[in-house]
Structure formats: structure tokens, C-alpha cells
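Each of the two complexes below includes subunit A, the first together with subunit B, the second together with subunit C.
The block that comes next holds the complex of A and B.
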């Protein structure tokens, strides 16, 4: 064995543990997923029947699937930009290095580490039609609040509200780290050059310097939003009339309510493709910017 | 290695060193029912020195499906499962349940005829019994007596028309007359099925592989529910939680549809006076027989036999009377129902008597593997109709088309 060979073997050995883990827990399940999506299978059965693309055509013909697509896109399109704006605003606020903000920072991060089931149940109470705190507060101002979770129109906004509250702290911490990585000498130099603190420094220094963080937050937020499930499961069960059924919820229903693992796997495969395409587009976009 | 670990696990305190250890999964939510069950299991373990039965709670019975599927696929189901009999065929078809026919035939201490035939029917598929009755129940209307008096209703409504009228009269001062179960789960569906039967409809054609609920009777039943919503005299329950009594007990609604297992809960609440009357009739009277059964999962002969011993213990008159009196569930055997102790209990508990008398008009859901999926389809379309997305006719014809596809 030559030295080069030995090096190569050593290199592969070093990569092996990570490679094995990835292979067993990521690559293999993805292959299995695609395989199941081409079969008819109820989870209890030992046999799978090959049905080619019948699962995919069944899904495309299902109104419920398209409703779930629209719901997921709406959910993502609202929560990502609004959530990022809120988190950035909070991060900017906390970045002013005042001592008292330490407590505030912890308080804002608490929702992130709270179990979404527990938080969901609390939100069900808050959003209760006539006894909830939210409608009670609205009544003070003379506004007759909607029956949030039982309304086809308001259930989605209610779930979005809960999501924004829950996720704000996570992105805020990321932004905060990004902000604190910007050297203060840049701001000082700008000040000497006559830049006014506030909007001008934000636009010319903070925003461009923060871009790598913003980009990362964007990618992660989109993926998280695409995977939304537990809030809906706890708060609305995907209803009323499917108005909060996201793609993941749809997969869950197909698999466990209807026992159709094949169709559930087909939707999951499509979701995987969508998320991969989105991420690829985002990275290309970033590449070009640089 | 595994055997060694399993061997180590047996080194417990002497009381736990039994030959056969079996697990029972159940989803009883009421504290009182749980206490009674725990006491009964203790009694069983004392009576059988070679068996140790351990109970584990799985949470809401409505939400068990995914958990059980995962447990079965992972080859770790319980030995015994307490669940609604409507769900067993799916698992029997998958070959993971053990039929109890040979146990029944070979056990001279057990009399099959003592148990109501309709309950055996619920647990039978293709001529074999897979689920043995644990307890029985059915649905009736629970109402707030004070609100009835205030609205000047002195006799419980007996027909759909009277019911609709009562609901409207009870709706006032921020109180709604009636609470409709909403959500796409089985609770909504099994409640609605009563109304389908009352209108003279059927779930499936006699061959049991074609939907029949889309017929005019089904449309009438769904239209009746919609009319209550349109009148403004019915509100929706929390999604998938139509079984909760909270809104009745806190005075938000005057009537809900529920079952006799609430007896203990109602006895605890002396602040509200709750009465019960049979479900209103249309062309005929009907209610849905529920209750739970025990499913026996395949394992090895020793464990299966131990599990059968518990099934037999549960069906004994002694267990049935104790259980029925403590919880309000209805006994599953004639000998239990006829005991002087139970008859005396019925005289003191008119709530349970209403349910007991209703057993004669009780209908059962079909024991077919497709039932859970069929229920999910129906639930979804009933909800859509109640939200006004479809007319009753369109909702049910869409649901029928989907259900028919299940049988292809």
C-alpha cells in the first residue's frame, strides 16, 4: 500500500462515523420514503403493492392536497417576513447594551423553549370565544372579537399569531449574535465621516453587514414554516374545514387517519423536493450576490 | 444479551416475581374510573398468583389510532387493549389479534350466552370473536334542569321537532340551547349516526361494501343538525372534543349529547342539577351502542392465556356489577343486570336507567376493517356541511363516493 493509499484509507475512516450516521438516519430514510411512495401500503401490513405513480396522481386529484398547499404557502409567506421583521426589531432594541435588557432577552426567549403543546393549550384558552383573554381585551375597546379557532377565516391568523410569538425569540438570538459581530469601529468610522446614527447607519452598515445572518435566518424560517404541524394539531386539528391543514398535517392525516402510507409518503417526497428546490434557489441567489 | 437483561429485570421484590407478566392499555380519563379499575386489577392479581397484570394509560381513546399503529408496526403492542370495538377489524385483518373462540369453547367456567348477543356481534368479524365486551353504553341527551324550568319546558322533548323547539327556547341570556359535536373525529360521527338511524337511514347497504348514508334519510339527518345551527340555537363544541361536559356544567349550554360514564362526575357536581332523556326520535328511536371491549394481541400461549383469564374476569357478574355501580357504565351480561344490587342501583340512579332502557333501540356500528377510514371521511364532510361549505346533499354524496372507493 502506498502512502497515498494509506492516507485515503485514513481519511475514509475519519469520515466513516459521520457518513454512517447520515446514511442510516438521512439517506436511507429518504430512499425508503421514495420507495414507499410508489407502493400501496397500510402500516400494519407486511406486504407492499407496487402501484407506480398512482399515489401521486391520487394526490394531485385531491382538493384537500391543494388546499394544504395553499395553506402552507400562505402560512410561510406571512410568518417568514413578519416574523423576521419582529425578530430583527427586537434584536436591534436589545443590542443597545443596557443591563436591564438581560431579563427581557430571557423573557423573549422563553417561548422558544416552551413545549408547543403546552403553549398551544394556553393559546386555546386565550383565544376562547367569550371567555378568552384576547376577546375580553378586545371587548374593552368595544370590538367584538371573532370565534378564532372555530372560524374558517380566523383560525389561520390565530395559529400564525401563536407561531410568531413562539418563534420570535429564536430568530432574535440569531440576529443579536449577528449584530454583535459587527465591529464597533465601523460605526465609529461612519460617525467621523458624518453618517447620522439611526436609519442611515442601519441602511448603510447594519443591514449589509448583517446579511449573512439574515440569509441564514431566512432559510431556516422557511424550512421551519414548511414543517409546521404541532400548533395545528393542538389548537385546531387542521380545521375548521381544513382551513389550517398544512402539508405536514395532511401527511399525518393520510398516514394515520386513513392508513394510507403510500399517499402520505408521496406527499412527503413532494415536500422534500419543494424544500430542496427552495434551499437551492436561496443559495444560488446568495452566491450571485457575493 | 437480551435474555440476560430480561433475566435481570425479573429480580424485583418477591411480589413482582410472577410467571406471566401482561400489559393492559386503556384510555380512561375519569379519576374515579381509574381508581376503580386499579382496585379491580389488584383483586385480579391477588386471585391469580402466577399472573401480574399491569395497566398503562394511553390518553384520549379518540387519538389512539396513530399510537397503536406505530406500536403494532414496531412489534410492541400491549397484550390487552381497552378500546371501542369498532376499531378491532382493522387489526384483526392485519393478523395481529388472536381470536378467543377456542378459549370460549374450551372453558367450562365461562358461559357465552350470558352476555348480550349484540355485544358479541360488535366483536365478531368473519365469524370469529376478537374483542370481548368490557362495558356497554349508549348516547342520550344531558340537560340542565334549572334552564328547562326557566324556559318553561316541563317535559323533555321526544321528537326532532320538539327538540328543535326546545333548543330555540333555551337559547337566551348568553346560553345556547344545544352543543353540537364538531371536528372530524369519531365522536362527531357516532353521534350523527344516531340521527341517521332515527331518520330511517343506514350507514352501508346490506352487503356492507357500499355507502348508504347519502340517501334522503342521511340528508334529513344532516339538514336537522344544520337547522339547529341556522336557528342560532346550537353552538359547536371544541374541535374533536364533543365529549367534554364542561360547557354544560358551567352553564354555557343547556343540552349536550353524552353517555352514562359521566355518572361519577355528575354525582360529584352538586352545584348543577343535570337530567337525562333519550335521544329524540324521527321516524324511529335509535341510539348508538358504544362501550369498550378488550382486544387480545398475539404473543405466546402463556401470555395469551393469562390475558384470556383477565377477559373472563372482566365479564364475570361480580366485576360487571361493581364496575357498573361505580362508573355508570352498563353491564354486559344479563346475570349482572338482573342482580338485586344492580336493580336497586337503577332505582336510585334515573340517569343510568335512561341509558339502560335505551339499549332496546341501540344500534351498532359495522365491524369492518374500513370503518375507521369511513368515519374519518364522514367526519370531514359533516363538518364541511355544518360550516356551510356544502349542502347536506352534496357533502354526503361526496363522502359516499370516497367511502365507496375504500371498498374497491
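The block that comes next holds the complex of A and C.
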């Protein structure tokens, strides 16, 4: 064998473990998922019956599914823009070489590494109707806070609040990296040209230069929000009355509570299609920009 | 910028205020975890009145936490080690060796990063059931042993290392395998540290996977055990917070030890 051949063999062997694992546990399951979605199959049953698109029609006729769609869209539509605004503000505020600011950045990042289970339980405590810190603070201002997690209206805002707290530091780090990549000479040039520091500099320089980062944060945030599950499981179990049941939660209930694997697979397939469409759109958009 | 100096007092104050607001939940958790169980009903738990350390041992013994800690450690450490090895090997090949189909293969493997596990849970469950792996360490470990994030990280990293460092070894007749482990791996230590922290923290904090793939008490991981504990101790917030504290400690400590790698990892790759 020549050197080149030996190298190629080595390369295939090096890629084999990762390739095999991803093939078996990600790529093949995509096909299997579509297959299951076309069959009626209960988890306790060995038999699968081909039913064509019956699972999809059943889901489209289910109010619970549409509620999960609405909840997922609401959750994403609120957490993404609000979360991004908070993180950008934090990044602008804390973008400094001062050591003390580094400590503050660490403080803001700590929620990111705590588990969503731990954070969820802490927020259940903070949101407790009469003993919790949040309603206690509201009472101090003369406001009678709602019974957050038991209320169909307030459970979703409560989960969103916890998510914003937990995720803010993550996007802040991405924005900080973006801010630090803007050359300081750009700012100096703008100052010479008479741009006033503050809002004008931000609008004319920071915002346009930061755009690639902002776009990236947007995509990542949408993907994260789209697969939210843990927070709801810990804080509300999807309730009350399904008011915090997201699509992932809906799949989880369908598959592992009711055992209806076929319908659960149909919902998962739709979600997969959505994730792929999003990614494709992002690619297209990026290409056009360049 | 000089203007920033003028703003600095306000900036200082607002930065401090924001950090305090963000730390309130964590502070409240610590204070509550040390409160006297009988008087936790009074006050909102920001001013520590007692430092009752027994809460921790009581919470620890109230359920099967030592077994759950062991399970989480076994799973997190094995998955982390496995991901580092598979990613190092694949990353080296993609960055350094020319072979047929390389770019396509890399693109296919990297694109798996967009598919969340939550979406594939049904087919993965079916595969694991066929292997009779449900409710075992195998189910929690094997599907996570390779990850696109790690492959991406090492492919990127190895591309930045100059060729000259390897060349001498090839002249001496060393194999690709030896060059990878003896020359490249020691150089890749910062990237390895980054992947270690990311994967360990992610695995330690994982809920969905053990929730779906385990069914008995002795296979539960810490996070899953915590949700069960939460159901049992619904109103006993003192012991609940104590349990939350020790379930959180490992990932937070790891983060404090390796902040730089952690933050750099997010900033350069953005996922996880």
C-alpha cells in the first residue's frame, strides 16, 4: 500500500466510531421515526399496523395538539426577543476589562450551569403563592400576586420568567464575543467623524457590526426554545389544564403516558421537518448576506 | 472611550444591581436550605436566621441520593470520556488526512447537531428496547458517546496547529495513530478541557434522557431523583432546597474551576 492509501484507511478507521454511533443513534432514527409515524402502534404491543397518514389526521383533529402548538409558539415568540434584548443589554453593560466586571459576568453566567431541574425547583419556591419571595415582594409594593403555577393565565409567564433568568448569561457570552470582535479603530474613526458616543454610536456602528452575532443568537435561541421541556416538567407538569404543554411535552405524554407511539412519532416528524426548514432558511439567508 | 469614564458610576451601579437580581434565586436557595424546618413558613427567606446543616444530611438520607450520585457520576464521566475519544479521532482525520468523501461525510456528521434528542426519542427508545438496554447504564451512555459538537471542536482546533509539528514524527516513521496520541492530543489539551466541561455539565444536568430511558429507583440519576424527591417533599422547601444544593454543586464547581474554557467554548462554537 502507498502512503496515501494507508492514510485513507487510517482516516476511515478514525472516523468509524463517531460515524457509526451518529449513524445508529441519529441518522437511522430519522428514518425509523418517519416509519413509525405511518403505523398504529401501542408501546405495550408488539404489532405495528400500517395506517398511512391516519396518525397525522388524528393529531390535526386533536385540540391538545393545537394547544401545544400555540404554547410552543407563544413560548418561543416571547423568550427569543425578550431574552435577546436582555442579553444584549447585559453584554453592553458588562463589556469591560475591569476585573470586578469579570466577577459580575460570572455571577450572571452561574444560572446557565445549574440544572433546569434545580433552577425549576428554586423557582417553584420563589413563586409560591403566600410564602414565595416574588409574591412577598409584590405585596410589599401593595400588589396581590397571582398563584402563579396553579393559574392557567400565569403559569406560562412564570415558566418564561425562569427561562429568561437561566438563559440570559448564555446569550450574553455570545454577544460579548461579538462585541469584542468589533475593532476599536472603528469606534475611534466614528468619534473623529463626530458620532456622539451612546445611542448614535450604537445605532451606526455596534448594531450593524454585531448583526452576524445577533443572527446566530437568534437561530440558537429559537432551537433552544423549540425543544423546551425540563422547565415545564419540573414547574408545572405541563399544566394547569395543558397551559404549559409544549410540543416536546405533548410527544412525551402521548408516547410514555398513553403509549401511543404512532401519533407521538407523527408529531416528532413534524417537529423535525420544522427544525430542518429553519436550518435551511438560515443557510439561505447567510448565503444571501455573503 | 472617554465617554465611558463619565458614565462609569451609573454603569457600576446598574451592573451591580443586575448581578444582585440574578443572584437572588441562588441566595434564596442557600438561605432556605439552611433554615429551621419549623419556621421556614415565616418570612421570604433572604435573611439567614439559622444555619442548620443537618438539613443536608437529612435530605441526603431521605432518599436514595448516594446511589443516584453514583449513577450520575458513572454516566457523566463515561459519556464525557467517550465523546472526547471519538471526537479526537474523527476531528484529527477530518482536519489532517485527505480521503475520498471527506467533506460530504463531515457535513453529514456535523448536521446531526441540529436534531434534538427530544425529537428522536421514540426511535431511539425502540432501538434500545430491541437491544434490551432500557433501564440500564448502556441506554444512558452508548447513544451519547459521539456528538457533532465535539467533532466540530476538534476539527477546528487541529486545523490551527501547524503541520511542522507532525512532520518530524512521520519522517521517523510514526503511524497516524501514534502521531494523534503522542503529538496532537497533548497539544489539544485546551480543547479537551472545553469539551470535558461542556459534556460533563450537560450530562450531569440531563433530565429528559433518564426520565424516558430508566424505570427503576436504582437506575435514576441525580436530576431525575430530584424530581421524584420534589413530588414526595412538595411543601418541605427546606429539605428540598438542601437537595437542590448538593445536586447543583458538581456542575457549578466545575464551572468555577474552568470558567475560561467554558466561556471560550460557547463563544467559538455557540452550541450546547
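By definition in this document, the second predicted complex is superposed on the first by the 257 of 290 C-alpha atoms of A that agree within 3 Å, B and C clash if a C-alpha of one lies under 4 Å from a C-alpha of the other, contacts with A are read in each partner's own complex, and residues count from 1 in each chain.
As a convention for this text, a residue touches a chain if its C-beta (ideal position, glycine included) is under 8 Å from a C-beta of that chain, and two chains touch if they have at least 3 such contacts.
No experiment lies behind these values; they were computed from the predicted model shown.
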Subunit C versus subunit B on the shared subunit A, clash or fit after superposition: clash
First, second, both or neither for A:275, with subunit B first and subunit C second: second
Subunit A: partner with more touched residues, subunit B or subunit C: C
Touching partner for A:239 - first (subunit B), second (subunit C), both, neither: first
Which superposed partner A:152 touches (first subunit B, second subunit C, both, neither): first
Touching partner for A:174 - first (subunit B), second (subunit C), both, neither: second
First, second, both or neither for A:256, with subunit B first and subunit C second: both
Touching partner for A:113 - first (subunit B), second (subunit C), both, neither: second
Subunit B and subunit C contact sites that coincide on subunit A, given as residue numbers: 124, 252, 255-256
Of all residues in subunit B, those that touch subunit A in their complex: 65-66, 69-70, 72-73, 90-91, 93-94, 96, 174, 182-185, 236, 238-240, 372-373, 376, 380, 383-384, 387, 389
Residue ranges of subunit A touching subunit C (in the complex, touch as defined): 4, 7-8, 10-12, 14-15, 17-22, 24-30, 32-33, 36, 90, 93-94, 101, 104, 106-111, 113-119, 121-126, 128, 131-133, 136-137, 165, 168-170, 173-174, 176-177, 187, 191, 197-198, 216, 220, 223, 226-227, 229-230, 233-234, 248, 251-252, 255-256, 261, 264-265, 268, 271-272, 275-276, 279
Sites on subunit C touched by subunit A in the complex: 1, 3-4, 11, 14-16, 18-19, 22-26, 28-29, 32, 40-41, 44-46, 85-87, 89-90, 92-94, 97-100, 102, 105, 108-109, 111-112, 114-116, 118-127, 142-143, 145-146, 148, 151, 175-177, 180, 201, 204-205, 207-208, 211-212, 223, 226-227, 230, 237, 240-241, 244, 247-248, 251-252, 254-256, 259, 262-263, 266-268, 270-271
Subunit A - residues contacting subunit B, complex: 42-45, 124, 130, 149-150, 152, 236-242, 252-253, 255-259
